[in-house]
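So, here's a batch of structures to check.
In the two complexes below, subunit A is the common chain; its partner is subunit B in one and subunit C in the other.
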Partner chain A sequence: MLKVINPGIEVIVEDWPGRLGYLGKGMAPSAAMDNVALGLANLLVGNPKGEAGIEIAGGYFEAEFGADTVISITGTDMQPTINGQPIPIWESLKVSKGDKIKFNHFGTFGFRTYMAVAGGIDVPVYLGSKSTCIFGSYGGYQGRKLQAGDIVDFGHPTLELDSLRGRKLKQDVIPQYAREWVLRAVPGPNTCSDYVTEEGMDYLFNTAFKISHSSNRSAYRLQELKEGFFAREDGGVGGSHPSNIVDHAYAMRGSLNICGNTPVLLIGDGPTLGGYMCVLSVINADLWKVGQGTPSRDFIRFAVCSQDEAVEARRAQRALFDEKSLA
Partner chain B sequence: MAQSFYDVILDTLPATESRLEVLFRQAGDGFIQVEYGRAQRANLQDSFRTQVINEIILSKNLPGLIETVPGIRTNLFHFDPEALSVQSLIDTIKEAEESVKSIEDIVVDSRLIHLPIAFEDSETKKAVAKYVKEVRPDAPNVIDGYNLEYIAMCNGVTVEEVKKMLLSTEWYNSGGGFWPGGGFFWPVDPRCAIVVPKYNPPRTWTPEGTVGIGGPCVFTYTTPTGGGYQVFGRTIPTFQFSQKHPLFKDSPFLYKSADRIRFHEVTEQEILHIFEHVHDKTDYQYQIEEGQIVVKEYMEFYNSEAVQRGAREFQAKQREGTKKAPRL
Partner chain C sequence: MEKAVNAHMPGLVARVVVNEGAKVTQGQEVAVINCMKNELSVLSPYDGTVKKIMVAEWDEVEVDMPMIILECE
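== the complex of A and B ==
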């Protein structure tokens, strides 16, 4: 188990792919904001790729291990230490009962760090997932982010701890981070010519959008659209603003929702239905990049992608989480 | 197939006498949206059709189909594109569409759930008072400490008439979404189609069980949360995270798509009593009737002279009311 000393900014239990199948019940999938970092962390400690881990957004998490185990740290480099000594990331290492782990803030690139533990995190499975939905206060560890004094239990490792320590990834498996994140996206369902002008769509796919400071696990807000984006004067029965539409379900996760003049990327804990148009969807295989996008600092750029490429990208990503990725 | 990357209508079915054109819109990698007609409209007959087609598709247990999310005029299909191709899903939906030839064939399974309501109860009054104190002191939608006067004013009727409208029609759930366990309820009788603007800005707190209306939709708040709907009063729990009560044993949700609810007025004391018997004693018996909507009968009712005349008369009052009511 793990005893929380400093809960940091937002430290939560998340798995992957999360709580699927409840959009119509008003429940978003939640899950890890960066499933690639979580999946590779799990691979390093011998867990199934979707097992729950600890997601650390921003930084400053500090905790004490209550048992010997093997862990791995992936994602942005928060310069983690054990008992004050720096530890490597993107590889597995043994920790002992009483060891204290401490994280600084997010690194030069990326925003979230993941910690996987051999055997996974032992929280109740709620509606098919261990993920926390912060916005709805359910799932994960008591439906909330961790607090000082919390005791987080671990599952049972499937292999001997000694066989799991010191595992590393091949260099080309470790994802490339950036300050400008290129997200492949499929246009629709509301595009030109009835909702958005052709110029408006071109603008979306040719602009680097700054990630707003008010972004969170439900929504990444981007800078405002320019004039001439909409191909309609108003939303008809849906409302007075041209971004309004008669309420429809949102393709969660990854849909780019236009709320008034603000593009909002719906992710993790976001709304599942509402009265605003959706102009594109980030492909499943690129959602992880959103999780590493740093609010107020990084930019997002959309790149047009076909259905076939999106499916191929899913296959390529799944292939990463295999023992063959280990060095 | 699409001609340019921005042309997202992957396929269509032409309009027939009983349905609008059906559009298959690309909605992501693993999502398509089926939409009825190109114009925005909110008409229950589109939802009835959505429900029937939805049931046909779900009964096929298609490998790779994760879920569907019906709305009033759209249905979102969420699937694993590695297991189910977009085109084969579209073909399956088209086949289902073609199998429902006319509106007279449509019968929608629809339970009727009876829900008590206490108008202007003390808990929802607290929520309104908190809003005035902490969010918008000059809120024009708060009159005498509550929203009922404003709801009535926007619709050109009295508070008693607006209460009567809420109580005298069944409210139909076009599908859930947005908030855990929530449903979006539309009036079955167009003579009771109350419409109001939403709070601006929204509330920060609404108690569990609050009955509200925003635009044309009624919503029963499933858990304490923020919210933007004008409030009528309070009903009983319609959701239970803990799943302690036998009704919620298999899932925390009460509502299903195409359910209808009908309100009856009770005292606040009665509501509080039921809350205790749902959440603590877990022995409250919900009043739920199995039932159906025969669309042919509904359309006869909807198109009848009396209903259409009544609806037109009410809409005329609403136009007058909307002119007088302050904007939010």
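== the complex of A and C ==
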């Protein structure tokens, strides 16, 4: 088990792909904001790729291990230490009962770190997932962020701990991080010529949008659109602003909602429907990049992608979480 | 000796809760940052006296950016 000393900014239990099948009930899928970092962390400690891990946003998490186990740290480099000594990331290592792990803030690139533990995180499976939905206060560890004094239990590893320590990834498997994240996206459903001008779509796919400080697990808010984006003068029966339409279901996760003049990328804990137009959908294989986008610092750029390319990219990503990716 | 209280997260300054000349103690809230739709307290890592406030409400700050300069013994 793990005893929380300092809960940091936002530290939660998340798995992948999360709580699927409940959008019709208004329930978000939640799940890891960066499924690649979580999946590779799980691979390193011998877990199934979607097993729950600890998601650390921002940093400053500190905890004490209550048992010997094997862990792995992936994602942004928060300069983790065990008992004050730096430890490597993107590989597995053995820790002992009484060891204290400490994270600094997010690194030069990326925003979220993942810690996987051999055997996974032992929290109840709620509606098919161990993921926390913060705004709904369900799932994960008591439906909330971790707090000082919390005791987080581990599952039982299927392999001997000694066989799991020291596992590393091939260098080309470790994702490349950036300050400007290029997200491949399929245009639609609300695009030109009915909703957006041609110039507006060109602008959308040729602009680096700064990520707002008010981005969180529900949505990543981006800088405001320029004038000339909308093809309509108002939203007709949907509302007074041209971004308004009659309420419809949102393509979750990854839909780019236009809320007034603000593009809002809907993600893990996002809404399932509403009355704003959606101009593109980020492909599933690139959603992990959103999780590493740092609010108030990084930029997002969209690149046009076909559905066939999206399917192929997803297939290629799934292949990453295989023993062949180990060095 | 001068020491800085730095932003621990990027975001907007919601408010500074001390004035120049005020005495602060280690762990005391000196400012608040808006980030991820949360209000995050900035705590002083030191005992000292506020010498200079480097930020104003609604300023955008980056992580590790100095927000307040303290005079410490």
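In this section, the second predicted complex is superposed on the first by the 327 of 327 C-alpha atoms of A that agree within 3 Å, B and C clash if a C-alpha of one lies under 4 Å from a C-alpha of the other, contacts with A are read in each partner's own complex, and residues count from 1 in each chain.
As a convention for this text, a residue touches a chain if its C-beta (ideal position, glycine included) is under 8 Å from a C-beta of that chain, and two chains touch if they have at least 3 such contacts.
Keep in mind it's a predicted model, so treat the numbers as computed, not measured.
Look at A:R297: by the touch rule set out above, it reaches subunit C but stays clear of subunit B. Contacts of A:S215 after superposition: subunit C is touched, whereas subunit B is not reached. In the overlay built on the shared chain, the residue A:D194 is in contact with subunit B alone; subunit C does not reach it. Taking subunit B and subunit C in turn and counting the residues of subunit A each one touches, the greater count comes from B. Subunit A makes touch with subunit C in their complex at residues 9-10, 57-58, 60, 105-106, 213-217, 294-297. Every residue of subunit B that touches subunit A in the complex is listed here, in rising order: 5-8, 25-33, 35, 38-42, 66-76, 78, 81-82, 86, 175-182, 184, 215, 217, 222-223, 241, 251-253, 257. Touching subunit A in their complex are the following residues of subunit C: 8-12, 34-38, 40, 60-64.
Per the touch definition, subunit A reaches subunit B in the complex via residues 20-27, 127, 136, 138, 186-192, 194, 198, 201, 235-239, 245-251, 254-255, 271-275, 278, 281, 283-285, 304-307, 310-311, 314-315.
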